[in-house]
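Structures given as structure tokens follow.
Okay, so subunit A shows up in both of these, paired with subunit B first and subunit C after.
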Partner chain A sequence: MDATLKKKLDIGFNPRNIVVVGDKGPNYNWLKSSAEYPGGPTYSVQLDENEIPGIEELGIKNFKSLHDIPEDEIDYVIIAVPRRIVPFILKDCIEKKVTLVACYTAGFAETHEEEGIQLSETIINMCKEADLAMVGPNCLCISNPKVGLLSNTSQRTGPGGFVGVLSMSGTHTGTMISALTAHGMPISKSVSMGNSLSIEQSDWLEYLGEDEETKIICMYLEGVRNGRQFYDSLKKVAAKKPVVILKGGQTADGARAATSHTASLASPFAIWSGMFQQTGAIGVNSTDEIIDVAKVLTMAKPVSGNRLGVIASTGGQSVLVSDASAKHDLTVPALEESSYEKLRELFTLTGNSYRNPLDVTGVLNTAEEGDMMLNVLADDPNIDIIAMEVGDFTQRRNDPDFYDNMIKNFQSIKENSDKPFIVVQTGMEDVVLKTRETLKEKGIPSIYSFLRGTQALGRAKDYYTAQAEINS
Partner chain B sequence: MDATLKKKLDIGFNPRNIVVVGDKGPNYNWLKSSAEYPGGPTYSVQLDENEIPGIEELGIKNFKSLHDIPEDEIDYVIIAVPRRIVPFILKDCIEKKVTLVACYTAGFAETHEEEGIQLSETIINMCKEADLAMVGPNCLCISNPKVGLLSNTSQRTGPGGFVGVLSMSGTHTGTMISALTAHGMPISKSVSMGNSLSIEQSDWLEYLGEDEETKIICMYLEGVRNGRQFYDSLKKVAAKKPVVILKGGQTADGARAATSHTASLASPFAIWSGMFQQTGAIGVNSTDEIIDVAKVLTMAKPVSGNRLGVIASTGGQSVLVSDASAKHDLTVPALEESSYEKLRELFTLTGNSYRNPLDVTGVLNTAEEGDMMLNVLADDPNIDIIAMEVGDFTQRRNDPDFYDNMIKNFQSIKENSDKPFIVVQTGMEDVVLKTRETLKEKGIPSIYSFLRGTQALGRAKDYYTAQAEINS
Partner chain C sequence: MTTQSIIDQAKKEKRLILTEEESKTLLADANIRTTKIAAASTRDEAINKADEIGYPVVVKIDSTDITHKSDVGGVSVNLKDANEVGEAFDTVISSAKENAPGASIQGVTVQEMADPGVEVIIGLSKDPQFGPVLMFGLGGIAVEILKDVAFRIVPLEKRDAKQLIREIKGFAMLEGYRNLPAVDLEKLEDLVLQVSEFAWAHPEIAEMDLNPVIAQADGAIAADARVILEEESQ
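After this line comes the complex of A and B, so read on.
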């Protein structure tokens, strides 16, 4: 990417000062989320006399104009003024040589009204002529939690994460940040790209592609203005790290909603699908799927084959996991005879099936037995991936340490086997939530339901297969 | 169905006494779940001297043989002995003229071992010759919560529900019972059918078809022995009430697992799909989907068209719900000009899209505004179904009663409009769970995610369309 832009973004993600223009009470989202920024002072620019007392209560100094701010260089400005005022603020930013501007204000080309469209053109031209780097408009700006740069008050500063988030929707930015963090995958940097009038999607992609902290990129996209350029960037970045993309506007109704949202133009989804395949990017269909796929890619070993070994809690689950696997291009094959010899000790007396899936109704009574089964699958040459169902473990009362020891077994198989291992969670949501917290602490990937688990494994397999082909 | 069998099942679901043969400690599932049965005494038959003290501690009288039990007529016997002993117990049941027998024991044809297959044949022949009605084997028996007949200790007696559950898997029986009840759809009667060697799936289906308390039937099936008979029963019952069917063993791997589970033989899934279409039954792909579809069918008005009016929390969600709708054969059409005239009051100032979906970012600040939007959709002739997204309502701080008043608006639209109305829940699971409880209390159907919501609405639309065709 362009070296000058890269330098600007480096500064914008680590600003020495922040200026918020036009934030309104009672929430003052931008001022409140920047008030405690540890990297330098936060200033306010506000003309409305009624707002100034509220702003000063936050301990933030207010000025009537950007020009009055006592800094020679302003690194990052957030604009939250009515749309007609935006060009005037941009003019000030250009004169004051601001490094990065983020424009929260919406109401441009996405309105399909004459005034919005004209304002959109004005902004594009101003940025181009002055070489001004702008995030948005119509966006929730950027965040870099590690340095304390946040994009809303509910976001938390953290020790630094590894997931980069790029999104054309503020909601999906927020959903991805909250959900990825809650599932044990904290954020390196996030960008709510909005209408992307100045800095394009391909610029952001390349920037996070070069960012060392970012190990995986999760995107929500509605459209791109320069398809060829985006394709080239995607190809370059996807070869370096996984890029997971949820494309909004796949259908006619969805495309119509997208053009009202970010003024994105429709292009047939088949073109996008083709682009994902050719570049090795990972296309998904929901924000839930983003979480699942990111989890398998970042918490499990690489998926190099499609043969699944399953420990299912019952025979009924064995049937459904086999169906779900086949739907996502995985198989649940027979094991080696030597594996059956080991398993027969446990299984012959009960009549359960242990062909694969291993149906453990009434069989798995001690954690040692669980460990043995996991290791049989880890050692079996017919198996590429290991999945174990976890419902309500605590029902097994014969061994009070069963649950804790099974978690240890999971850690051991995750650390000692080269085969990817996931836990599939089933059952009532409150139990699922509780168990997931324990598994998260140990870095063990857990996915809700066999349908979602096998879907995520299928996507991961496709990703690693594509990467192997690209690199061969 | 056969009148004699119907009478036997009536007695079995309302037994005047229960006998449990061979239950083992420390859990004593069958004895514990029957100990408090209010409809009559529970007895135990147990030979193992070590078990007898534990059984007597439960306040249950033990006998060494069925013949010793001091009842002229025994209504319901649960068998939980090793498989080789089953024929001896059946012989006693026949001699004692037991009305209904349920056999928990597994290890028959599903093992594909000589001994299991032979025992299976023996059981079939004994039942046939003596005209003995048997549930299972390899099952979790039956329940009728209203009268206190339960099939496991975690199940609760209730005031009586309206969902009939039929399942070839004990796990899926349990999952359906717990999840349906937790989602506000309590059980009328449940049958874990197991291998269905004596009473066939079509018998159960017809029985629940005639059961007045049962308003909807949810099934998990792996296969049926008599396809034609099942088809006829399904056609008859599906014309009277919705029958939702999850077919396990749709794929080659799944079919192999199914034959290890209940000895069901594979038949191509296309045949099943065709049967669902011809009979008007509703085929689904997961237990989660059973819950969603049952909720729309029992809590919302009939879905008579496919034109969805959506209130989405943001523009990003508007795009995804439009995509999700199109995937499930629904559309999100433009509204009437008169509707836009009403909506314009709220929306013009902000630049949000209100074409449909209504993107309410920053617009929906009072419950009155929410009520107005719901009523615009209810009155608009271009709209057949209304869906509103609910994320974290409590963030709207300007009106402290917003949440409570919106719930009242939901009740009002549910009661006063003929159009089906659902709430689509998004966001973090803990918030989803909490909000769902409130909605459940008010009988408002809430479904997690736009993908699942539109899928359930699509299935419901197909169901009502098929019924209209069948009845025309």
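After this line comes the complex of A and C, so read on.
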């Protein structure tokens, strides 16, 4: 990517100072989320006398103009003023040679009215002429939680993560940050890209593509400003690390909503699908799916085949997981005779089956038995992927240590087998809620239904297949 | 005529839509297989051209004002001899005059009749975000009603062409069914790649419609083609 822009973004993600222009009470989202920034001082610019006492109460020094701020170099400015004022603030930023600007203000081309469109053009031209790097407008700015650069007050400074989040919606940025983190996949950097008038989607993608901390990129897109450039960037980055894309506006109604949200152009979704195929990017249909796919890609071994071996809690689950698998291009094949010989010793009750799925009703009573079943699947040459259900019907109330020991078995399968392994959690009883945290700590991918699990595995298989083709 | 002189000629006449003959010449110039075509303005000329091309032939109305030829009764297929070609010439001209009054009619085109196969469509259009994109689908109902089509961004690579063809729901139709043999998928992929390459090399082309392309057991050939030029190239 462009070396000058890369340098600006490096500084912007690790600013030595932050200026918030025009933030208001009672929420002061921008001032509050920047007040504790450990990397340097936070300043405010606000003219409204009524707002100033509240700002000073936060311990933040207020100035009447960006020019009054006692810093030779300003690294990061957040703009939260009414839209008509934005060009004036941008002018100050240009004069003050600010490194990176983020514009929270909305009301531009997405309004489809003349003033908004006009202002949008003005902003584009100002940024272009002065070579000013701007995030947004119509966005929730950027975050780098490791250094304490946050984009909302509920976000926390935390250890460095490995997921890069790029989103054209502030809400989906927030959801992805909190959900990915809660599921054991902390964020490296996030960008709420908004209308992307200055720094475009392709720039962000290339930046995170080169960012060493970022191992996987999760995106929410409604459209792209420069489609050809985006396609080229995606082709380049997706060949290096997984890029998961949720495209909003897949239907006619959705596309109409997208033009009012971020002024995005509508292209038939079939073109987007084609692009995902061509580039090896992973197209998904919901934020849940982003979580699931990211889990499989970052926590499980590469998925190189589609034959699933399943340990299911009951006969009913065995049927549904088989249906779900077929929907996502996975099969649940018969096992080798040698595997059946081993399983026969355990499956002595009439009514359950060990033909795959292994229906463990009444037969899985000790963690040793669970370990044996897992290893049968790990050793069976007909199986490429292993999934085991932890659900309401797999509680073993007479053995309080059952799941502590099972999780040890899961870890051992994860470490010792080349086959990807996932836990599927079903139901809401104690066993599910209690194991959830431990599984997360141990880095064992656990997905909250067979349908979601098989869907994520199917996507992962397609991803690895495409990578092999593209990089061959 | 070469590709450039055809485009120049159309520009001079302020036409964006090329005739079928021009479109096919353009494609043939790029080594894309199309059915042989010759224009004829009289009945006798039509018969002469048919003799040259070899029977059976197709006769289609030739008018810069008529783009949907079969809608005006302007297409007659499977003509086996001079007599049938002569009759077809008269019928095609009179129905076009009746159904498209006021259209300027240059005559007819006489065309080689492609061997049977599965009708598919290869289309090219310019997307406002992504630029030239290529569409593939099965002909007829599949594309018009079921919208069973798939897209790729131009230019395509081998892998893209291969997956594109297999992505449509109707792909099984190309693998042979009942008494229809499987089509030569590799040749069809090659044709897709040639169209992509051609479109990429000619940004002055706004739209292309190869409809139908006949996918046969031993090849693929465009039986009809329409090229539309970009407005700014005028």
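Everything below uses one rule, namely that the second predicted complex is superposed on the first by the 458 of 472 C-alpha atoms of A that agree within 3 Å, B and C clash if a C-alpha of one lies under 4 Å from a C-alpha of the other, contacts with A are read in each partner's own complex, and residues count from 1 in each chain.
Throughout what follows, contacts are C-beta pairs under 8 Å (C-beta built on N, C-alpha and C of every residue); 3 or more make two chains touch, one makes a residue touch a chain.
Source: prediction; values computed, not measured.
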Between subunit B (first) and subunit C (second), which, if any, makes contact with A:P268: first, second, both or neither? second
(Q) If we overlay the two complexes on their shared chain A, which of subunit B and subunit C does A:M428 touch? Say first, second, both or neither. (A) first
(message) Contacts for A:G54 in the overlay, against subunit B (first) and subunit C (second): which applies, first, second, both or neither?
(response) neither
Have a look at where A:G370 lands relative to subunit B and subunit C in the superposition and call it first, second, both or neither. neither
* Check the residue A:G107 against both partner chains and state whether it touches subunit B (first), subunit C (second), both, or neither. => first
- Examine A:V332 and indicate which partner it touches, taking first as subunit B and second as subunit C; both and neither are also allowed. first
Where subunit B and subunit C land on the same part of subunit A: residues none
Within the complex, subunit A is touched by subunit C residues 127-131, 133, 149-153, 156-157, 159-160, 163-164, 167
Contacts from subunit B onto subunit A in the complex sit at residues 26-27, 83, 106-108, 110-111, 116, 167-172, 175, 178-179, 182, 220, 222, 248-254, 256-258, 260-262, 285-286, 288, 313-323, 325-327, 331-332, 350-351, 353, 355, 357, 359, 361, 397, 426-430, 432-433, 449, 451
Residue set of subunit A touching subunit C in the complex reads 223-224, 227-228, 231, 265, 267-268, 270-271, 273-275, 277-278, 469-470
